[in-house]
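Letters are used for the chains, namely A, B, C, D, E and F, taken in the order the chains are written, and counting of residues starts over at 1 for each.
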Amino acid sequence: MNDDHTGLELERRVMALHRRYIRVIDDDRLEEWPGLFSEDGLYKIVTRENYSQNLPLALMSCEGRGMMQDRVTGFRRINVYESQRYSHQGSGLEILRADDRVVECISNYLVVRTMIHGAMSIFSAGVYQDQILLDAHADKFLERIVIPDSRQIDTLLVIPL
Amino acid sequence: MNDDHTGLELERRVMALHRRYIRVIDDDRLEEWPGLFSEDGLYKIVTRENYSQNLPLALMSCEGRGMMQDRVTGFRRINVYESQRYSHQGSGLEILRADDRVVECISNYLVVRTMIHGAMSIFSAGVYQDQILLDAHADKFLERIVIPDSRQIDTLLVIPL
Amino acid sequence: MNDDHTGLELERRVMALHRRYIRVIDDDRLEEWPGLFSEDGLYKIVTRENYSQNLPLALMSCEGRGMMQDRVTGFRRINVYESQRYSHQGSGLEILRADDRVVECISNYLVVRTMIHGAMSIFSAGVYQDQILLDAHADKFLERIVIPDSRQIDTLLVIPL
Amino acid sequence: MTAEPVNVKWPEPRTTRVPLGLMSDPAIHALEQQKIFQGETWHYLCLEAEIPEPGVYKTTAIGATPIVVTRDEQGQIHALINRCKHKGALVCVEPCGKVKTLRCLYHGWSYDLSGKLRFVPFEKGVQNKGGMPETFDKSAHGLTALRTTCLHGVVFGTHSATVAELADYLGPAMLAHFKRIFHKPVEILGYYHQVMHNNWKLYMENARDSYHATILHAFYATFKLNRLTMGGGLTVDHEGWNTMNYSIGASLADGEYEGSGLRSVMADVGLADASLLHNRQEFADGITVAIQSIFPGCVNQQIYNTLALRQAVPLDVDRTELHWTFFGYRDDDAELRQMRLKQANLIGPAGYVSMEDGVIGEYVQRGIAGEGQSANAMLEMGGSDIASVTDSRANETTVRGFWQAYRSLMGL
Amino acid sequence: MTAEPVNVKWPEPRTTRVPLGLMSDPAIHALEQQKIFQGETWHYLCLEAEIPEPGVYKTTAIGATPIVVTRDEQGQIHALINRCKHKGALVCVEPCGKVKTLRCLYHGWSYDLSGKLRFVPFEKGVQNKGGMPETFDKSAHGLTALRTTCLHGVVFGTHSATVAELADYLGPAMLAHFKRIFHKPVEILGYYHQVMHNNWKLYMENARDSYHATILHAFYATFKLNRLTMGGGLTVDHEGWNTMNYSIGASLADGEYEGSGLRSVMADVGLADASLLHNRQEFADGITVAIQSIFPGCVNQQIYNTLALRQAVPLDVDRTELHWTFFGYRDDDAELRQMRLKQANLIGPAGYVSMEDGVIGEYVQRGIAGEGQSANAMLEMGGSDIASVTDSRANETTVRGFWQAYRSLMGL
Amino acid sequence: MTAEPVNVKWPEPRTTRVPLGLMSDPAIHALEQQKIFQGETWHYLCLEAEIPEPGVYKTTAIGATPIVVTRDEQGQIHALINRCKHKGALVCVEPCGKVKTLRCLYHGWSYDLSGKLRFVPFEKGVQNKGGMPETFDKSAHGLTALRTTCLHGVVFGTHSATVAELADYLGPAMLAHFKRIFHKPVEILGYYHQVMHNNWKLYMENARDSYHATILHAFYATFKLNRLTMGGGLTVDHEGWNTMNYSIGASLADGEYEGSGLRSVMADVGLADASLLHNRQEFADGITVAIQSIFPGCVNQQIYNTLALRQAVPLDVDRTELHWTFFGYRDDDAELRQMRLKQANLIGPAGYVSMEDGVIGEYVQRGIAGEGQSANAMLEMGGSDIASVTDSRANETTVRGFWQAYRSLMGL
C-alpha cells in the first residue's frame, strides 16, 4: 500500500500544480488561471448540497479556457464587489487513479477571504476533485470540480475558489 | 540537521498515512478509520488544558479498534446530532524519533466543521502526537493523541478529530 | 516547467525549514526562534495595506537575532497579554529564485489563535516572503517578510507570526 | 417578546420617501414578525416537485418561524409550524428527508404527516405510574397547521385565516404571469443559498427596482441583455403588493446608453466565449427577462432561460439569507437543459448579472449607519404613482408599491 | 443597566405551562442577573481540591459576574468579585494560578488573598505631589467578598446576606445525597467546557428531566444503562428548587421498551468492545445513575463510576457554557481510576449518553424562534404536583420544580 | 432609532466617580451617536498629505456615520457624509482612491468632488417617459457636507454649526502643542488598525491616563523611557475636554521605582540589541513622550521619535477600532526616518509600550460584566480638580476631564 517511486513522482507533480494554482489566485495573477487548464478544460463549483443530490446546478461553470477568461474579465472589468483577497490552504491529497496520461485525485482546500477593511472569514472549505493531464512540458487540469462543504455563499463569489 | 534520504522516506510515509487519515474522515468513510490503527492502537483526544496540567481526562479515548468501531456505531446508529462534515488541514510535521519499527512525530491539524444548513466554523486546531508502526504492507497508528488548543467544544463532538 | 531533481531537493529543504519554524512557535519554544535566522537576519511583519502602498511601517521589525531575542524577552518577561497559542498552517510554496547559496520563495500561512479560555479565531492569513540561506549544516532565514492580508490586528500581537 | 417602542415616523402619506431607520431598528424588526410574517400575507414555501411522494418533507421558514412542509399518505400537502407542542423543540431538523412519522427527538412525541399527535411515550406512565393526566387529549396537541395552497405546483402558506385566497392576493396580472412560468411540470436543477449583510427589505426593494438593473449590473447593459431602452414595462398588481419588471427581446445599439457615460456600458469589453449568451425563446410573448415579486419575500425569476424562485429570510435586522431554487421543465430537451445550466453563470451569488445584488444592500446598510430618524430614501423616479407602466422602466413605481404594502401592514 | 419592560405573563398559577418567550427575551435575561444570579441563591464555585494551598486561586463566574476564589495564608477560602475597586478591571485573568497578592495589572492596586486592599501605587504621590487624597482609606476599598461556604469540600458562594445556610437551602434529602458523593477527599481528573447555543434554563431543565433521558439518549436504553422501567425515582427538596433523578442497578429486558417502537431501543446494535460498560458498584444504596440539580445552575452527577460537577454559565440569552469538573476519590485504586477514565466516554461533549444534550437545547431555541407571547411548554407528565416520586420517573415534577423556584425569584 | 430609556445616574456632581454601566449600556451607546459624535464636537478625519491632489479621497467615520474626505479641482477639501441621497448607499466603498466624480454604484447618481449632485441617470426618463418629476432639483440633493477645517495640515470635521472654531475648541495650550507637532509638512509612513473588545471610552480614558503608563507598560519603566519620577506634567485645556500627558528627557535611577516592588521595574531584564532605544531629540523643549487627547476620539502621539495620530471608532458598545496613522516629516534625513521605523516596534498593536492597551480595556469590559447600576470607577488620584499639573503625574485630572466633557454633552 505504501507508494512506490512512480506514485511519489506523480504526487510531486500533482502537488506542484496545486501550488501553482494557489499562487496564481492568491497573488492576484488571475489572468494566468485559465492557462493552468487544458484548452477545453472544465472548471466547476458545485456545492455538496447539490452534488450529493445529483443536482447539476453549479455556482460557476467554465467549459474551456474562453469561459475562464470571461470570468477574469468579469472580475477585472465588469462586476462590482468590495476589494478582497483569498488565502488558500490545501491538504489531504489522494491519488484515485492514474495512467500515463491522466491523474485523478481528490484533496482538501480551505479559503480564507480577507476584505479590504480587514475582516477575515472562512469563505469556503471542501474538496477539489481533479483530472490532471500529464505533460512533460506542463501538467494541466483537464477538470477541476470544487465541492464546497457549505451550501452558503457569504455576500458573493467573484474570484474562483 | 538537514534530513538525509532515510528521513525523507520516513516523512513521505508519515505524510501518506496522515493524508489517508484525512480522506477517511472527510470523505465520510469513517468505517475505515479504525483500520488506520493497529489492532490495539490508542486514539485519544485530550485538551491542552488537561494535558498541560497532567490531568488524564480525555474527550474521547479508544483503546483498540473495538472501541473505535463503537465510536463509528455511535456516529452511524446511536447518537443524535445535526448533519455535519469536517474538512482537515495539516502542517508542521516534525519527526521526533524513529527506529526501524516505530516513528514518533508531531504535527498541526485544523478542522473546519460545516453544518448541513451551511454554517462553517473553526471547530478545532491543535496537534497530533503520533506513534506510527512501520509496516511494508501498510503503516498504521500505534497511537494518535489529539491535543486541541482550545478547552471548549462547540455543541458536541461526534466525529473523531 | 515541471521541476527537476535539484528543484525537488530545494523544495524539500525549504519545506523542512518552514516546518521547523511552525514547531518552534506553536510548541511554545520561542527561544529557538531567533536561531532559525542568520545572525543578521531580518524578520518583519508588514500588512498588505502598507506593503501595497509602499509604506514602510511594520508591525514588528527585527534586524538581527538580537532584536528577535528582545521580542522573546518581551513575550516572556515584559509584556502583559492573555495566555494564548498559535496553530500555523502553510501551503502554496513557490520557489521564485535560487542559486547555490540563497533561495527566494513565497508561501501562504494561516494562524489560528486560541485563547486560554477557549476562544479560537483566524488571527492572520497571508504570505511569507523568504530569503533562505542554504547551509549544509543548517538552512536559515536571511529574511522572512510576513504580509498579512488583513490590515487589522485583533487585540494585540505578541507572538511572531 | 418585549415590546420595545417604535419611533419611526413616515414623513408623508405617499411612499416617495422611506425612512432609512426602518432598515436597522431592532424594534421594527421584532414587530415585522407579527405584522408582516405572521400577518395578512402569503409566503412561498417550496415546490410540489420537492416533496413528490408521501413522507417526503422539506423544512423552511416564514420570517423567523420554522416550518416543515409534508405530503401525507393521501398525497395531501401540509405546512406545519416545526415546533413540538411538548416543549418547543424543532421536530424536523434537516433541510429535507423522508419519514413515516414526524418524531420529536427530545421525548419522542410523534405526529403524523398532517401534524396530528399520535404517540406520546409513557403517556400511561410506567407500570401505570406517572404519565399524562387522564384529561390529556392528544387531539388537542397537534402541530400548528398553516393555511396552505398549491398554485400550479408551488406551495404557499399563511398564518392568516382572513387573508384573501392566493390567486386573489396575487391579482389577475400577477396570476397570469405566475401561470406563464408554472404552466407545466418543473424539474429542480439545484439550489443556491446566499447570506447578505443587509435588512431583508433592502433585498426585496432591489428585486423590484428596474432602475438599478442596467446601471449596477454592467453585464446587462454591456452585452445588451437588458437595457431600459429595450421594450418592456412594469406591472403593478394588488395595489403594488405584487409587481413585475420585464423586458422584451432583441436589443439594439442605442444612444441613450452608448453616449451616456454610464459605467455599465463598456464598448471595449467582449466575451471570449459568447456561447454563454446562447438562449432559446421559450415564451410566445417574447419576454426575455421577467422579475416578479410577491409580497413580502418571494421572487419568481426568468432571466433568459434561467428560471428560479428566490425566498428572502431575515436572519437578523441586518442579515438576510436568500434561498434560490433553480428549475427547468420536466420535458426540457437536452440542449435546453444545458442552456439553463450554462446560463446559471448569470445568476446566483456568482452570477454575472446578479452578484452585485449580494453586496449592494450591504452598501446601503453601511451607508445609513449612524442615521437617526431624519434621513429618507427618495423614490421619485416616474413620479409618485403606484401603477403599471408600459412605456418606460425609468420608474420606481414597483418599489413604491412594496412600501405601500409594508406601511399598511405595519400600521406606520 | 437600561431597564427594558418585561412582558412575559405566566398563563396559570401552576408550572404545568412555561412561556417559551422566557428563553429568548433579552429583558428577561438582564433581569435574571439581578433576581437569580445576584439574588437569593447559592452558586457552586469550585472544589477545595482545586485550591489546595495558600495563594492558589481559581476564577469562575456567577451569571455574568466574574469571581475569583482564593485560599489565604491561614487556609481560609474567599470568594471575591473579580473586579478592581479602582476602575473595574479583572484582577485575575487566567483560569487559575498561584500568587502572593492579587495585583490588578492596570494600575497595580494590590489586594491580599482575602480581598483587602493593601497597596496603591503612588498613593502618596511622587515626591509628595499628587497621589490619593488624605481621606482615602484603603480599608474601604477591598474587593467585594461574597458570602461563602464549603460543604464537604465543595465551595459555594452567594451575593445574598439573607438566603438560608447552604445546608438548609439544599434541604435534607439533597444534603444527604450531596454528602453521599462528597463523603471522602476527591481528586480532580480533568475538565470539559462546552458551548451550547441555547438559553441556560433549557440546559438546567434538561438535566432535571427524567423523561428525555432514555428516549433522546439511545445509548442508555439500548445498552440498558438506564430505563424508566428500572428502579429509581425523583427526589424533590426545598419546594422543588433542588431535585434528583436516580435509577437503581440491574436492568432487565422489559416489554415497555422492547416493544415500544422507541427509536432509542436498538436490538441490533452491539458494542464491539463492551469493556466500556464495566463498572463497579461504589455505593451501598445500589444507585447507578443519580443526577442532582441545585438551583439555579449546578448539577452533581453520578453516571456509573463517572462523577462530575457541572456548572451552567449564561454567555448570552441564547448561549451557555457548561463547565464539567470530573473527579474521583483520592483513595481510588488503579482499576477504579481507569474505569472512571474509560467511562468518561459516556459523558461530556463527546459522551455516548450526554452528547445529545449539547444540541437538544439548540433545537428548542431554534424551534421557538418567531414565537411571541403565546406559546408555552407543557409539563403535565405525572400531573401538576411538585413532590418526590418513588414509583415512577415518567413524571416532570422535577422540571416543574425548577420553574417554581424561577418564578418565585423573578416575581413572575 | 428606537429611543430606549437611559437609566444611568451619576452618583455625584464631580467626576471622581464614573458609573461603570456607561461602558456596556446599548441605550447609552445609541445616544452617544447623537450627543457626542453628531454633537458639539470636532473629529479628526485625515491628514492633508493623504489627499494630496484633486480627486484623491479617503473614507473614514465619525462614530457610526460614514464619511468621505475629498479634495476638489480647486484644491479645496470637503468632508461629506458618505451616504447617497437617493437611497442611502455608500458612495465611496474603498478606504481611499482617486476619482473624477463621486459616483454611487447603485443607480449611478454622481456627485462632484464637493458633493454637489451633477448627474442622475435617466433623469429625463427614456425616450422622455418616466424619469424624475419636473420639480426635481439636483441642487437640493447634494451629499451632506460637514463643517470642515484644516489645522496645520490635519483635517477635522463636525456635524455642528455652532461649536467653536477648532483652534478655540482645542484651547491655547493644546493648540500650541498641536502646532509643535505639525510645524512642517509630514510624510505618511504607514497605518495600523486594531480591534479592541471594549467600549471606546475605555480606550480614550486610557490614552489620557498617566497613572497606568509606567505600571501596566513594564517596558517604559524597566528601560527608563518613562517614569512618573521624570520631569513632566499634565496639561488640561478647554475645561478638561482636551488634555496632554508629557514627560521630559533623561531618566535616572530613582528610589520610587527601584525599591517599589512594582511589577513593571525589572532590574534583571536587558535588551540584547539596545539600538531600538536610540533616539534623537527633535524638539527644543526636551519633551520625549507627549500624548495629547482631543475630545472625543483623537490622540496625537509623540513617543520618542514615533509620531502618530490615533482615532478611536466605536464598532459596537463593547468593540472599538483604533486607527493609527504613523508619520514623519518630509524633510527627515535617512537616519531619522530609520529611527522612526525602528522605534515603531514600541507602538501599535505589537508595540513594546502600547500592546497592553489593546487588552486592558477588554479586562475592564469583562470585569464590569454583570454590573447593574451601582458600581463606579474611582478617580481620586490628585484629588477632584480638573486642572493642569506641572509637578506630578500621579494624578487622574486628565481622565476626570474626559468625563466632564462627556457628562456635559450627554446631559447626565
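Structural remarks
The rule we apply is simple: a residue touches a chain if its C-beta (ideal position, glycine included) is under 8 Å from a C-beta of that chain, and two chains touch if they have at least 3 such contacts.
None of these values were measured; they are calculated from a predicted model.
For the pair chain D and chain E, chains touching both partners: B, F.
Distance from chain B peaks, on a Cα-centroid basis, for F.
Relative to chain A, the most remote chain by averaged C-alpha coordinates is E.
When the interfaces A-D and C-E are ranked by how many C-beta pairs touch across them, A-D comes first. Chain A and chain B have Cα centroids separated by 26 Å.
The distance from the centre of chain B to the centre of chain E, each centre being the mean of the chain's C-alpha atoms, comes to 32 Å.
Separation between the centroids of chain D and chain F, computed from CA atoms only, is 44 Å. Contacts with at least two other chains are made by residues 80, 82, 89-91, 110, 116-118, 122, 151-152 of chain A. Residue positions 4, 93, 95, 105, 193, 195, 216, 356, 360 of chain E each touch two or more of the other chains. Interfaces, counted as pairs of touching chains, are A-B, A-C, A-D, A-F, B-C, B-D, B-E, C-E, C-F, D-E, D-F, E-F. The touching residues of chain C, when paired with chain F in their complex, are 45-47, 49-50, 55-67, 69-70, 73-74, 77-82, 151-158. Residues 12-13, 16, 19-20, 22-23, 26-27, 85, 87-91, 110, 112, 114, 116-122, 136-139 of chain C are the ones that touch chain B when the two sit in their complex.
Those residues of chain A whose C-beta lies close enough to touch chain B in the complex are 1-3, 8, 48, 89-94, 106, 108, 110, 122, 124-127, 149-152. Across the complex, chain D is touched by residues 4-8, 19-21, 24-28, 205, 211-212, 215-216, 228-229, 256, 260-264, 356, 360, 363-364, 366-373, 375, 377-384, 389, 391-395 of chain E.
Those residues of chain D whose C-beta lies close enough to touch chain E in the complex are 1-4, 33-34, 37-38, 61-66, 82-91, 93, 103, 105-108, 119, 121-122, 125-127, 129-133, 136, 141.
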